[in-house]
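Below you'll find the structures, each written out as structure tokens.
Next, two complexes with chain A in common: one pairs it with chain B, the other with chain C.
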Partner chain A sequence: MHEATSREIDELLHAVDRDGAILETRTLAEAPVSRARLLGLALAGTGTALLAHVGPANAAPPLAASDIAILNYALVLEYLQSSFYTEAERSGALTGKTAEAARVVGAVERAHVTAFLKLLGSNAVKRPLFDFQGTTEQQKPFLKTAVAFEDLAVAAYKGQAPKLKSKPVLAAAVGIHSVEARHAAWMRELFGITPAVNAFDQPASREKIERVVASTHFIVARPRTTRKRKPKYTG
Partner chain B sequence: MKLGVCLALAVAAVASLTSFRTFFDPGKHRAQAPSFDRAEALPAAPRPALRIGRPEPLGSGRYLTRWSVVRTSTPARAGPRPDAPIVTTLATLTPDDTRNALTVLDARTDTSGSLWIRVGLPILPNGSTGWVRRSTLGAYQTTDERLVIDRPRLLATLYRNGRRIFQAPVGIGTDSWPTPSGEFLVRSELTRYASPFYGPVAFGTSARSAVLTDWPGGGFVGIHGTSEPGLIPGRISHGCVRLRNRDILRLASLMPVGTPLTIE
Partner chain C sequence: MDLADAAVKASESRGNASSSRRGALGIAALGGLVALPAVGRLFRLADALAAPSKSQDVRILQLVLQVEYTQVAFYEEALQNASLKGELRTFARTALAHERAHLAAVTSALGASAGARPRFDFGASVRSPQAFTRTAISLEDLAIAGYNGQATNLTPGTLATAATIVSVEARHAAWVRTIAGEDPAPEAVDQPITAAQAAAGLRKIGLRH
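Right after this comes the complex of A and B.
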């Protein structure tokens, strides 16, 4: 057994976010939020209608705009994880305890996505397209990537939680954070690295996350399959 | 000296007795020890804003199919290994200038640990398949729709999760220019062109005419509208599947690119 270093985690995450969706939401979540800025970003096509006085779909008190941005950032990470486990389970390539873990964790991540979508309503960002480049179809690459994703999610929740203004949202985030930590420990154990050795986990710094994100390519643009042009078919 | 020792012993005895009584006096003990009763003074924890429901297991995926696009131009080989014969070379774009979409059929890992994917090939003979490295493909996308063209009955039927959601009469190829049968992929959608002959929408497929091999664009079979709705249903085309314009518009609202196509 060996302990995964930050560098290894960075290397494992070598493909996420080719088009910057995580970076975009992360930047949005961490930037000083002003109504004008948020409106500007929304108009610029971020896909998040971040209006400060717009409430979530099912809660009486409206959420702060910065909380909505953080929730959307978390939602992108939940999309990433749920899509990863879903594709892995559907590939049918995993075996034994790893297949079982992917099945269980995937079901939980999908429940997280559902909950975020319900809370954010029309403010939720759309699910990006993910290209996992075969990591869902082979056991060892799957586990390496799963460890990286879970560690990233734990660090991300830890980094954003203190910035949440709403205590109910913070309570929910802490509840998800501990579940992600269990997933991280489970995947680490399956991959053969020590699940927990540190007495204290540092939250991921903005610089670190951005560096990781900048070097990753799992989020891709949707391929262009439509055109405005005359067909040349046989007729 | 003796008196001093006796005094000290007496003081110690009293002190011990006091401690003993304190220890065994439950009321006094409670008052001095840390107590969880104080927690009652804490405010109640806020109710989490998110209600996380039960874990969501995957469905059967019985009607789900996968497709992807060619990311980098690549040879498609007859087997999942680098020395297998080349069947064809796949481009990143179709003749429609859209991304070259392929049906994903199977996966294998070769002896060096590289992952190979078997894909449907848009070449003649129709129904050809080949193996490409996973790294040459893009993201997997899934669809639970399926379009079936029933040539004997001249009908197009779209299914979603096995349930029929659309049906319309079609025009297909004549005996001289037949619409080919087999399993294909709807791989592009063209709109806003000025050609009444093709109607308002045209879908490109991976099916190819085995007769019109020198047709511009490679003789691909399309699914499109028409300027002659009175000919539908019928055997009237050069191999394409024609629908009345209102039907192709409705089909376009229901059928995404990446839908598998069965022509029977």
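Right after this comes the complex of A and C.
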């Protein structure tokens, strides 16, 4: 496993405006998600108040196919983050405040994954296989990559939130969006760069985000839906 | 001028060249229908609002305006009177510049229906670094929760622009929390508050009319 070069990580940081191969993570599923699954967010301990806030639970309609697609896209980003922090924590390479931040943020990203898995049920894409190219094994590359991931996540959620049709899902997504922004600021502070650069954070399209993620080669195997398809012809 | 245009204009005037126009709203034409904002009115901004509409966006922007006015005034007064030094001063100066840009965007979007700057009494919170830090954390957390609480009430275009602001508030919150030695991100999902809770929180911090 080679250590990510500074240039590679710089590319990751700035690649939001670059062209590149598109990561194929689109696995749409049409099956509606039940209210029970929607309330999985609450069971995951992350959305109780959110769901209570946005309206009576019995008003929650099945998720639209477009919402499922967005949630799966978000799930892949959450898989990426949670695996990254978990691996960094296990590597034992991090020290001091950075080790503490990785532990706390990792737990939150894992909670996001759990919440999305419960929400999506059998429509959820599987966790891909990752190779973080050595960035989880040294403090400085770790922090630089963490900054890039968190800023990417902020831009990604911001790009998708206005497209969400389900109000409970939107309410949860904006609550996650601002947490990712807190993480971004935290990692930036630890890395020694300003936590808040501009007055307005810009969104990024799914295509841009996927190009950036693809450019890192962190995903080494593509996720598939966990849904078992019924055989078209039986008997 | 709509919020998206206003946000672009405000950021361009501060050299944020990466901004681009997104999600046109055209709410300026509706702005005149709305009375001048007052905290009392904000308290009556129902939490179970109607489906998103441009006129509702305007009412919500009145709340947002109060949040941004409060932040600008708070950082201005603290920079003058709270003896802020080092990173805390850098934070306050940076946050003030951002909040001024947000205020300019929201004011432009509201046009004639944007109310004048209210009066404030921040008391001791703008007179010492310690009190400033505590109140800055409360105010930034309140702004995040207030914006998040309105997300499902906004039209997608206004939501898109509001989202470019709320994550900056979240960065401020995390930043000042790290300076204070507090957990920058204490929740897995930031919890929203209602318009009434936001208005009450602003009053508690020092918004007067």
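The rule is short, and it goes like this: the second predicted complex is superposed on the first by the 156 of 235 C-alpha atoms of A that agree within 3 Å, B and C clash if a C-alpha of one lies under 4 Å from a C-alpha of the other, contacts with A are read in each partner's own complex, and residues count from 1 in each chain.
Please note the rule applied: a residue touches a chain if its C-beta (ideal position, glycine included) is under 8 Å from a C-beta of that chain, and two chains touch if they have at least 3 such contacts.
A quick note: this is a predicted structure, and the numbers were derived from the prediction, not measured.
When the shared chain is aligned, chain B comes close enough to touch A:Glu87, but chain C does not.
In the superposed model, A:Lys167 lies in contact with both chain B and chain C. Within the superposed three-chain model, A:Gly121 lies out of touch with both chain B and chain C [touch as defined at top].
By the touch criterion defined above, A:Pro203 lies against chain C but remains apart from chain B after alignment on the C-alpha atoms of chain A.
Applying the stated contact rule after C-alpha superposition, one finds that A:Ser178 touches chain C and leaves chain B untouched.
Of the two partner chains placed around the shared chain by superposition, chain B and chain C are both touched by A:His112. By the touch criterion stated above, A:Pro62 is placed in contact with neither chain B nor chain C. In the superposition on chain A, the residues of chain A touched by chain B in one structure and by chain C in the other are 104, 108, 111-112, 115, 167, 170-172, 175-176. Residues of chain A touching chain B in their complex: 56, 59, 63, 86-87, 89-91, 93, 103-104, 106-108, 110-112, 114-116, 118-119, 129-134, 137-138, 166-172, 175-176, 220, 223-235. Within the complex formed with chain A, the residues of chain C that make contact are 7, 10-11, 14, 16, 18-20, 22-23, 48, 94-95, 97-98, 101-102, 105, 144, 147-149, 151-152, 156-157, 159-160, 163-175, 178, 183-185, 187-192, 194.
On chain A, the positions that touch chain C within their shared complex are 45-47, 49-50, 53-55, 104-105, 108, 111-112, 115, 154, 158, 161-163, 167, 170-172, 174-186, 189, 194-196, 198-203. For chain B in complex with chain A, the residues that touch the partner chain are 45-58, 61, 64, 66, 69, 95-99, 101, 107, 109, 113, 115, 134-135, 138-142, 173, 177, 187-195, 197-198, 202, 204, 209, 212, 215-217, 219-222, 224, 237-240, 257-258.
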